[in-house]
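Below is one structure; the comments refer to it alone.
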Amino acid sequence: MLQGVGAVAFLGASAAALKLPFFGTDGFEQDPASCRATDLSASQMKLIVSNWPSYIDADEDPSTLSIFEERTGIAVDYSDDVNDNAEFYAKVRNQLGSCTSIDRDLVMLTDWMAARFISLGWTQPYDKANVPNLHANLIDPLRNRQWDPDLEFHAPWQTGLTGIAYNASKTGEVRSFEELLTRADLRGRVTLLSEMRDTMAFLLKITGANPDDFTDDQWGVAIERLREVVASGQIRAFTGNDYTQDLAAGNILACEAWSGDVIQLQADNPDIKFVVPEEGLSLWSDNMLIPNQATHQANAEKWIDYYYEPAVAAQLAAWVNYICPVKGAQEEMEKIDPDLASNPLIFPDDDMLANTFDFMPLDAKQSNEYEGDWANVTGG
Amino acid sequence: MSQVADVPTEQVGDSSYDGLRLRGVSKTYPNGFTAVDTLDLDVPRGSFIALLGPSGCGKTTTLRMVAGLETPTSGEIRLAGDDITYAKPYKRPVNTVFQNYALFPHLDIFENVAFGLKRRKVKDVEAQVREMLALVELDSQARKKPTQLSGGQQQRVALARALINRPEVLLLDEPLGALDLKLRRSMQIEIKRIQTEVGLTFVHVTHDQEEAMTMADTVAVMNAGVIEQLGAPEELYENPRSTFVANFLGQSNLIEGTVVSRGSDVTSVDMHGIGVSVPTGRTHTDGEKGWIGIRPEKVLIGEEGEALDAPGNTIPGGVVTDVSFNGVSTQYLVRMPWGQELAVFAQNTGRTRIFRRGDRVELSWRPEYAFLLDFSQDASAGAQKGD
Amino acid sequence: MAEMTRRRGRTGYLLLLPAFLTLLVFFVLPFYSLIATSLYDPSGSDVEGFEMTYHFSNYWDAISDYSGPLFRSLVYGGVATLLCLVLGYVLAYAMAFKAGRWKYLLLVLVIAPFFTSFLVRTLSWKLILADDGFVVNTLQFLQILGDDGRLLATPVAVIAGLVYNFLPFMILPLFASLDRIDPRLIEASSDLYAHPFVGFFKVTWPLSLPGVVSGTLLTFIPAVGDYINAQLLGSTGQRMIGSVIQSQFVEANNYPAAAALSTMLMIVILAMVLVYVRRAGTEELL
């Protein structure tokens, strides 16, 4: 979200790629069944992967990546060029919307964006026979998502929790989102996440709605509540990853936070605590998708199946520190690092997972509208 | 070494002098270079003095110290009795016509000229500026920008801009340097006319000796940070006190000689076996040896053995080595028996014939034209090459 | 003969071709498409596509919805530009007239921090202005800030960030025009009875006007469109128009609104620049 300096130029350039005359544009929906390339996996031992930064143990020796290459003979062209879901969407929408290749075989996108890709018909279904480990080992809380209940199109890469972090040396325990939004001693020293779904899920919860299934009216109540909170001066800012800096520097006392970030902060500052809010836990994943026109689908499926082996998943989790979506990895982790195996932010226990919720998939219309409301409230 | 011998040092700090007075002024730049070295100078009120000297001798530095744009390292500057050594430039009744004019490019001619008056909140600016522009004949250009004027016009604007303030002293730093010869001559006359008209003190810096001599009442010849000699143009020319002045102002023949005797009227000198005499008032050395100086146009040239109309000794044995005829006169180079070549300018009066290369000749001059200089000085100091 | 002339005529046009193509690709096409997008029916989406309905009220909607951030951007940009001018002038003046042979070295030193990324530089201001940081503590000690006062997440921090980030755009043209001023002109003014202070306003300042004009334009235009500073150093109350455009485009996928806002921002800035250049009277200068 921080990229895209010079939005004006950016906008002009992307819009120029649209049709020229003073006519409208067609919709971007595609049919994956027809918009697909011949799979060259058998002849080309190659795989092109786009992921978020610091999301793989590639610098270790051996790494899960190097073992994969050795075992399968596939040369992986790995880049960490996904920095932001919306931005990535803006970058590829003209290509995928017109059934053009984006020269990638696998991209990792967060749930809501994965849902959008799938609903636009931009991703290829997996061959179920090629990913048995996925179907066998995916942990239960991540199954049956509304937007792809049968795991036809997606497989979680890593999973995280959205909760509350606070600095225990400067303030008392913060137990709930409600407290975060109302406690007088936190006034002006709280940040929320600028990802609309992360934050609004909690506001919907607080205002008595179900984030998995809510109406426009309920949305209206929740956004109104947020507007009041912002107007009261409780919230200092809506941030991306940069809240970690503020928390460490003491500029803020508590904030909405992602579990993986907090584990990394705790390494330097044990006073930073992560709490599961009383309202519940928002569980999200970044998911592996095979975009239309990918030419190495079978190789991509080998990769997916490989990372769903518990031992591989444990090795990756030991480095990445996010929640491991693979059953059996906790036992494998005991062998690598028993401390990590008992860390609930990597292997959450059933109590924690009992009360998780998700954000309902939005269609394009709703998404435009809600994002617009959100932008207006968070922008003041 | 101060050459202003006639100014007694007791007068330092005397506040009755109404001109510009510099005493022991030195300027050493931060890089350690001494551009002006214990300089003494008196400029009487209302006079026109020219500071003449080769490039880099410290003329501009001297002017800048008078204007207040540079602070002297030591010494004292007084104007009409007031010590202005450390006065701020904008508080001195001194104005400068800069070497490159330094006209304000964003202001028109009128505003340039009015600048000083407006800063002093003088009344009646409009009329005064009109009058001044009329004096320098620029009335019709008042609303033009400096870049729209010719070099000579710009020069006059610079003059007007400084003059209008009626300063006690007007400093002109080679104001004519950038002009072509013809324009320069007419501007020289114009500046001289204006100075006579307004009666202000002018200090005019130049390295053009002709300009200095035609314009100024007094010429100060500067060399290496000091004033070598100061006086009326004729006096400097006729009776130079140093080899530098002898060579820098015009041209001189300098011949080695040994002092034989010093009388009350004349000094007798042996010049390569020939006895010559120099008036005491033109003898500027106490040493045993000296340079006998004589201007080329003062040397007479004649046939070998022919009697010359001169009371001094005849110097025989010359051979003409170079002849250049330029109509009014003829310039010769004559090799003397002791090997030196002397320059001789002969008027083409028609009384004598024009000699040719290789002719044997005799030279002579009237003793009252000769001068005797310190032998320790470099005989070629101040000589201009190719002049 | 006729053939020759025709040939030459055609060569002339061919030589113009690269410039023409560059202009077409980098200016005309994006601009054309930006305007087209701003007139789409806002009820469209990526799924259904956008219909061209010449929906001019996109502009009206954008103004009424976002006049706050638009006005705020102009104010922040204006204040930052003024501060840049004061600071930049002092620095450029010192470099041009007082630094002697060090001036180009100083120039490089002033510019050097700007070889690092914009983001990193801006984030470093978070440390400088932190609530427990030196600056805030000092201001609290001096009673300028209250005990729980802060700088981060206030307009002060946003403007400080803007000033810092856009200062070089001000310093460079100022230095260029100050460095060109002949110091003898300043001496001449002093010789003509102008106190240095008066000399500055009568000579130095008017001669540096071309630098002042280009410096303020080069600072003001990007500062108004910037949103990184507001996002990182500001709070919800400091959002600038660039950030609205960005979120309308990237997050809300409301391309018509984003395009209308961009076009409007361009028009507003252009109008202000024209008025400014007129008023500054640059044609009076050399």
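Just a few scattered comments:
Letters are used for the chains, namely A, B and C, taken in the order the chains are written, and counting of residues starts over at 1 for each.
Here is the rule we use: contacts are C-beta pairs under 8 Å (C-beta built on N, C-alpha and C of every residue); 3 or more make two chains touch, one makes a residue touch a chain.
What you see is a predicted model, and the numbers here were worked out from it, not measured in a lab.
Chain contacts in this assembly form an open path, with each chain touching only its neighbours along a single line.
Centrality by Cα centroid goes to chain C.
Here the spacing of chain A and chain C, counted between their Cα centres, is 35 Å.
Chain B and chain C have centres, each the mean of its CA atoms, that are 58 Å apart.
Chain A and chain B have Cα centroids lying 90 Å from one another. Residues of chain B that touch chain C in their complex: 67-69, 88-91, 94-96, 98, 100, 102-106, 115-116, 119-120, 145, 147, 161-162, 165. Those residues of chain A that touch chain C in the shared complex are 1-2, 4-13, 15-16, 18, 20-29, 84, 86-87, 89-90, 93, 97, 119-120, 188, 196, 230, 235-238, 242, 245-246, 249-251, 363-365, 367-368, 371-372, 374-380. Within the complex formed with chain B, the residues of chain C that make contact are 182, 184-185, 187-196, 198-199, 202-203, 206-207, 284-286.
Looking at the complex, you find that chain C touches chain A at residues 29-34, 36-37, 39-41, 44-52, 65, 68-69, 118-119, 123, 126-127, 130-133, 150, 152-153, 225-228, 231-232, 234-239, 242-255, 258-259, 262, 265-266.
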